[in-house]
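In what follows, structures are represented as C-alpha cells.
What follows is a pair of complexes built around chain A, which joins chain B in one and chain C in the other.
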Partner chain A sequence: MDAHAHEHPNSSPPVAGLLAQFASPEALRAAAAAVRAAGWTRWDVHSPFPIHGIDRAMGLRPSPLPWLVLGAAVVGVVLALAMQLWMNGIDYPLIISGKPLLSLPTSVPIMFELGVLLAAIAAFVGAIALGGLPLYGHPVFFSSRFSRASTDGFFIFLAADDQRFEPISAQALLRSAGAVSVETLQVDEASGRVPGGLYWILATAVVLALLPPVLVTWYRTGPKSNPRIHLIQDMDFQEKYRPQSASPLFADGRATRPTVPETIPQGRLQADEHLYTGKVAEQWVTTFPMQPTAAMMERGRERYGIFCTTCHGLVGEGGVSGITSARAVKRREPNWVLPLSLHTQSVREQPVGQLFHTITHGVRTMPALGAQIPAEDRWAIVLYVRALQRSQNATLDDVPEPIRSQLRPVSP
Partner chain B sequence: MTTLALMHDDNTANDPQRRAPLVIGPQTDETVTDSVCRVTEEVRTPRAWFVALVVSAALTAVFFGTIGYLITTGIGVLGNNRPVMWAFPIVNFVFWIGIGHAGTLISAILFLFRQQWRTAINRSAEAMTIFAVICALIFPGIHMGRIWVAYWMAPYPNQMALWPNFRSPLMWDVFAVNTYFLVSAMFWYLGMIPDLATLRDRATSRLRHSIYGLLALGWNGSARQWQVYERAYLLLAALATPLVVSVHSVVSTDFAVAQLPGWHTTIFPPYFVAGAIFSGFAMVVTLMVPARAYFGLKHLVTLRHLDNVNKIMLATSCIVAYSYAIELFIAWYSGHSHERFVHLNRAFGPYAWTYWLMVACNVLLPQLFWLKRCRTTPWIMFLIALAVNVGMWLERFVIIVVSLSRDYLPANWAMYYPTLIDVLMLLGSFGLFFTLFLLFCRYLPMVAIWEVKHVLPREEVNHGRTRA
Partner chain C sequence: MSNTTGAEKQTLLPATTAGAAAALLVVGLAGMACAAALEYGRGDQWRYFLHSYLVNFCFFTSLSLGALFFVLLQHVARAGWSVTVRRLAELLAANVVVMLVLFVPLAASVLAGQGTLYPWAAPHTAAADHAIEQKQAYLNPTFFVVRSVGYLVVWWLTARYLLRLSLRQDESHDAALTLSMERFSPLALILLVVTLTFASFDWLMSLWPHWWSTIFGVYYLAGAAVGFVALLIIFTVLLERAGPLTDQVTAEHYHDLGKLLLAGVAFWGYVAFSQYLLIWYANIPEETAWYQPRHGGPWGWMSLGLLAGHLALPLVGLLSRWPKRNRLSLTFWAVWLLVMHWIDLYWSVMPAYDPHQPPWALSDAFCLVGMGGVYLGALIWRCRGRSLVPLGDPRRQEALDFENY
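So, the complex of A and B:
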C-alpha cells in the first residue's frame, strides 16, 4: 500500500480512510476509547445496534434533540390556543352552548394534540437530520466487509481527512486496539457523489409542487370582477325546478303551476288598494292606511331592526353600517352595491306610498321584501323610517318647548 | 456471540432464580437477523400467504367498490336512518381506532417501563396500529355523505370566511385521530430504519438494494447516528404514551358530550381506553399466533410473549367488566328514569342478544386466561382472541346503535337494521387491514431486529444494564 497515495491522485485513487473490524461490542468500546485517547476527531464507530456507553467512550456531546422537541411542543400548544381563540372568538365569533367566546377548556384537547404532533415531527425530522440522513454515499459502503455492520459486524472508521491521518501509524493504532482486520478504503469518485440530475429533478418537483398553491393564493386575493371560482358547486346546482322551467311531470310541461282559474289563494285577496299597494288611482299615497300609534311605531322599530339593519344600519345611514354590507365589502364582493342612506334628500321627499312600494317590491339592486313582511308591518316600518329621517334632519322646532332649555350646544 | 442454550423450548416457567430468556435456543446476532430477513428474502411466493393475500385483496376490492357505490349513489345505501343516524360506520370507526391502541401501548408504554419482551412484537403491533387507524379514518369520512368536502374539517381560509367549530368534540376527534396516525407512522418508520439498512445490506438483487436503500436513507449504524436515534426513539415513545390514553378518551367525548341517555356519562374516557387496549391485544394475538408459526418466528415471538399479552388481556377484560357493572350501577343510582330505561333496554330490549353476547365474549370467556394452560396454548388463545374481537365490536354496537334506537321520545323510536352494503363494508375493512398486514409481513422486517439484538443474552456482562 502506498503510504502517500492520497497525495498523488494520478497514480492510484486517493485513500478515504481505514476501516477496522472488531470481534465484539466490548472490544469496540475499548478500541473507541483508545482512538479517542489518541486525539482523533474525524472518525466514527459502526455497529448493528446501539452500544451502551459508546458515546462516552467516543466523547460525543449529548444531542440537542430534546430541546428541539421541547421547543416544537411549546410552539404547538401556543399555536393551537391562538388558532382556536382567534378563529372561534375573534375573527368569526361563534357562540356555542352559551360558552364564552374565548373559552379555554374547550381548547385544551387540540392544544394537547398539536403539541404532541409538532413535538413528534421535530423528534422524527431531528433524528433524521441530526443523524446526517439521508446520506447518499459514504466511504464505508465500498467495503464488502461492511455489509456485516447491520448484522453482526463492529467497525471503526478513521477518515483520511483527519489531520492525524497517516496510514501506517493509523493501522498500528487500530491493530493494537484489537482490530480483527483493517482495510484501506479508496475514494470512489464515480459512485460516491449524488448524480447532478437528481438535484434538478428535485428542484423541478419542488417548483411544480409550489405552483398550485401560489396560483390559488394569487387568484384568491385582490378584487376580481367575476365571482370567484369555488370547487364544490353543490349549492349552485341543486336538484330542483326553477321558475319557468320545463317538467315532464305535468301535461302542460311546465314546472310552475298556474293558479286554478276563478280562484284566489287564501290570504291573497288584497282588495284594499291603499293598504296593499301604497297607491290610489296610480298616485303614491301620502297618508297611512291606518291611524299611526305609539304601538305601531314600536312595532316598526322592531321590524326595521330585523329586516333592514343588516343592510341600511341601525340609523339608516346605509354604506357599510349594516353587517351584511360590511362583510360584503370586507370580502370584496364584486357585485355589491352599497345600500343607500335613507336620509338622502330624494328619499326624504318620497311619499310614504313609494317607501311602502320599495319595501314590497325592492328597488334596483335592493331585493323585494314583500313576501317576508306582512303589509301592516311594512307600513309600521315606513312609519319608523319617517321617524328616523326626522331624527337625522331635526331642527329646533322639532324639540318640544318645555325641554328646549335643557339642550346644550356641542361642537360638531 | 454465543448465548445461553436452553434445555427445552419452554420459557414460560417462572423460576425466581433465573430470568426467563426472551428468545429460545442458542441465538446469535446472525441467526436473529437471518430468521427475520428470510421471510422477506424467500424468492418463491409462500403458498398460504398468497392465498390469504388474494382473499383479502378481493375483500379490499369489495370495500372500495362499496365506497364508490356509496359516493355515487348517496348515503341512503346504508341502513342509517332516523333516529339511528350513527350506525355501522361509526361502530366500525370506534372499533378500528381501538384496535390500534395495543400497538402504541406495546411500543411506547412498555418501552418506557423497560419491558424488554416487547422487542419481539412491537414492530408488528405498530404495523397493526397503523393499518387499523387507516381503516378507522375511512369510516367517518364516508359516512358524512358528501365525502368530497371532507377537507372542510381543516381550518383553512376559505371563500365562506368560516372556521370549524373547535368547541365540538368531533373537531377534537379530527385532530386526535390524525395526530395519532402521523405519530404512529413516524414512530414505526423511524424504528424500522436500521432494519431496512439490514435488508439493504443483505440484498442480492439490484432492485431490492435500491428500494431498501432508498427506504433506509443511507443508514450506516454509526455511533453518531445511533446516539441521536436512540434519543429520538425515547422521545417519540414518551410522546406516544399520552396518546394511548388520550385518543380514545377524545373519541369517547363524541358520545359523552352529547345529551343522549346511555352516552352522557363521565366514565366513558377510561372505559373506552381500557376497551381499546383490550381489543387491541386481542388483535395482536389474532395476528401473531398464525404469523409466528407460519413465518418460522416461534423462537423470537415465544410462548412467554403470548403469555404476557394474554395476561394484559385478562387484566383489561376485568377493567371492562368493572366498567359494565359501574355503568349499570350509575344508571340505577342516578335515579334518572331514561338512564335506567336505556340500560334495561340494552339487557332486555329487542337488541338484548347483542348485549349478552358482548358480556359472554368480553367478560366470561377471557376469564379462562386465569388458567396457564389457556394462556400458553396457541389455538385456545386464538379462539378467545377471536371472540374478544367480536365482543368488542358488539360493545360499540350496543353503546351507539342500541342507545340511539330508543331515546327520550318514544314516538321517535325505531329499529336499526344494517343493509348488505353495511355488512360488505365491515368485511371489506377487514380485507384492507389484512391485505396491508400480509404485505407488511412479506416485504418489511416483521420483528425489530436491532432491538432484539440489543436484548439478546450475551456471555459477557458487557454493560451496566441487566440483560435477558
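So, the complex of A and C:
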C-alpha cells in the first residue's frame, strides 16, 4: 500500500476528506454502491467518462434539469407570442402583407426560435449550476493522483463535513470496497480562498457592461441638443443614392435615371386628353370626363378636406380660414401670400377644365398637386368645388320647395 | 451469446403465425374484391375507387420507405443500439416489392388516358390547359409509369441487397459484411431521398397539376418516418410478447424508438408548417390552390385535427421519459400515430376527389383491409424461416448491453 497520507495528528490543518482510487469503472460502481449503502450523503465520484448505472449505484435522484428546460421553453414561447402581439398589434399596429394585426401563423417562427433559445440557455446554465459550478477550488486538486481523473483514474471522494466522517472507519470502508489507494486531503486555507482581486475585476466588468445601456437610455429619453447615439450605423446611415446625387456608373454621371426616350412606363399612358389635361383641342373643357355621381361628390369632399382645406378653408373662402394660412399670418411670415377665395366671380366663371389644370399644375404661389392626387380624384375635387361655389352663391330657387317656408329673413 | 443455435430457433416466427400469411393474403384479396364490387355500382369510371386506392398505396409504400430510410440511417450512423430491431426494418423495406404488383391498377388508369385520377393524363385536359400542356414533357402517361416502376425497382433492389448481406451475416458472422453495408448506405440514402421526392411529386402532387411545392417530398418522407417507427414499435411489442424478440429488446430500445417517434412527430410538424407558412404568407393564388379546399369546412376541421393529433398531442404525450419506456403507453402512441399517418395521406389525396367534404365510403374500409392484408401477408411470408434478429451482427452484444444515459 502506497498510501502516503500526511499524518500529522497534533498540528495538522483540518482534514477536507478522503480520496480513494479504483482500478476500473466496475470497481468504482461497486464501491459507490457500498458507500451509498453505508449511508453517506456528502461524497462524489470522479471518472474520465460517464459510467452506465453510476447514478443508480450512487442513489442519485432524477435531475430536475428537464423540468427547468421545459419551463424555459414554455416561457420562451409565451414571451415571443406576447412580444409580437404587443408590438405588432397594440404598440405600433402595422398591417403587413394584408395579414391580421394579431396573427398566429406569422408569430410561430419567433415562438419556436425563442423557445429553443431559452431552452438551450436553461440546459447550459442549469447543467452548470446544478453541478455546483462555478467552483474556485476543491480539495481533490491537491492530490497529484487526481490529474488521472481525466484519463484513466476512477475516484471516490468522501467529504469530511459528512456526519459519518471519521478518518479510520472511512479508510476502512474505502479499502474494503476495493480501493487501490486512499489519500487524506487537507483543507488548504490559502489556495482554497478566492483572491480578493477577482471580486474587484468582476465588479468593474459589471459596471463597464452597464455603461452602454445606461448611456443609450439617457440619450433616448427626453430631448437632447446632440443627436442620439447611432448604435447601428449602417441602418441609420445607409449607403444609397439620394435624388439628384452623382454616380460614376453612368455616362452622364446622374444616379437618378431619366425615362428611356420614346417609352412610357407601365400604367403611365395618358391617352385620354379630356381626363388627363382638362383640354380638348387646346380649349378648356366645360364637362366632366365621367358621369358625376353622389359617390364622386362624397369622394371629392373627402379629398378636398385632405388636400385643400389647409389653405382654402373648409368652405373655400381663402384668406386666413385655412389652418396653414392662419398660422403663417400669426407668425408674420414675410413671403406668405393669402390664398384666394374660390367664390370670386373670376373663379366661378372658370371652366371645369381650367380648375382641373390649376389643381394639377398649380398657379402663382399655389403648388402643383398633380403628383399627389390621381386624375379621377382631381375631377372629384373639381366637382366638390363647384358644389361649394353654388352653396355660397345660392338663390331661393336652389332651396327645395318643401323647406322654403322654414327660411327666415336675415336682418341686415 | 454462448448458445447460438438455441438463439437462432428462438428468433424465428412461431409456426402458427407463419401459417397466417396465406389467410391474410386471402382476406386481402377478398377485401379488395369487395371494394371493387362496391365501387362498380357507382359508375364513375372507378374515379372514387382509384383515389381511395391511391391513399392506401401511398400509405403502405411509405411504411416500406420509412423502413428503408431507417436501415440506411443506422448504417450511415454506425448505430449499435438498433441492431436487434434492424432485421424487422430490413424485412419491411424489402416488402416494397409487393407495391410493384399493387401499382398495376394505378398504371392502368393512367395509361387509359381518361384522367379519372390524374387530370393531366387525359389528352383533352392537357390540350385545353396551357400550363398542363407545357408540363406534358414530364407529366405524360408513359413517362409516369416508367418513372414509378423505376422508383419501386430501385427501392426493392436497395432493400434486397441490404437484407441479403444481413442474412448472409447470420450464418458467417463476418464483420466485413457490416463494412460493406456501411459503405453502400450513404449513396443509397441520397438515391432514396431523390427517388422518394420525385415519387411524392408524381403520385401525390400531380393530383393538382398546376400546384407545386418543393418541400413536398420531405413532407412525405417525414410522414413515412413517423408511420414506419410507429409500426416498428407495434411489431417489436408484439414479437417480444410472442417470442422471437424476447430477451432481444429492453426498455432502452423502446426508449430510443420512442425518441425517434417523437423526433418524427416534430420533423413532420416542422415540415408541414414550413410548407404552409410560406404559401399562406405569400398568398399567391396559384400556390394557395392546394390549401384552399383544406382551409375551411369539413376539410378545415380535419386540418386542425391533424395539427392536434399528428403534432401537438403526441409531442406532449411523448416528451417525458416514462411514456417512451413504458410498453403500454408507447404502443398507444404508436397506434395513434399510425392512424394519424393514414389520415394525413387521406387528407393529402381526397380533396382532389371532393374539395368540399371528406367523401367517406364503405369501400374505403375494404380497400384498407384489402391492401393491408396483402401487404402483411406478404411480409409474414417473407419472414418465414428467417431470424427476426441479425444474429451475426458484430454489434449485437452492444445492442443487448445498450443503456441510455
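Definition applied: the second predicted complex is superposed on the first by the 210 of 412 C-alpha atoms of A that agree within 3 Å, B and C clash if a C-alpha of one lies under 4 Å from a C-alpha of the other, contacts with A are read in each partner's own complex, and residues count from 1 in each chain.
Here is the rule we use: a contact is a pair of C-beta atoms (placed from the backbone, for glycine too) under 8 Å apart; a residue touches a chain by one contact, two chains touch by 3 or more.
Here the structure is a predicted model, which is why all the values come from computation and not from measurement.
Chain B and chain C, once both complexes are superposed via chain A, clash. Of the two partner chains, both chain B and chain C are touched by A:106. Of the two partner chains placed around the shared chain by superposition, neither chain B nor chain C is touched by A:159.
In the superposition on chain A, A:388 makes contact with neither chain B nor chain C. More residues of chain A are in touch with B than with the other of chain B and chain C.
In the superposition on chain A, A:308 makes contact with neither chain B nor chain C. By the document's definition of touching, of the two partners only chain C reaches A:98; chain B does not. By the touch criterion defined above, A:50 lies against chain B and chain C together after alignment on the C-alpha atoms of chain A.
The clash between chain C and chain B in the overlaid arrangement falls on one stretch of those listed (169-177, 295-303 or 367-375), that is 169-177. When the two complexes are laid over each other on chain A, chain A has residues 50, 52-53, 66, 97, 99, 106, 109 in contact with both chain B and chain C. Those residues of chain A that touch chain C in the complex are listed here as 50, 52-53, 66, 70, 97-99, 105-106, 108-109. Contact residues on chain A toward chain B in their complex (touch as defined above): 24-26, 32, 44-55, 58, 60, 63, 65-66, 69, 83-84, 87-88, 91-92, 94, 96-97, 99, 103, 106-107, 109-110, 112-114, 116-117, 119-121, 123-124, 126-128, 130-138, 140-141, 146-152, 157, 220, 228, 230, 232, 234, 327, 330-331. The part of chain C that touches chain A in the complex is made up of residues 273, 276-277, 280-281, 283, 319-321, 403, 405. Those residues of chain B that touch chain A in the complex are listed here as 1, 28-30, 33, 146, 148-149, 155, 159, 161-169, 171-172, 175-176, 179, 182-183, 186-187, 189-190, 193-194, 197-198, 200-202, 217-233, 235-236, 239-240, 242-243, 246, 250, 253, 450-451, 453-454, 458, 460, 462-465.
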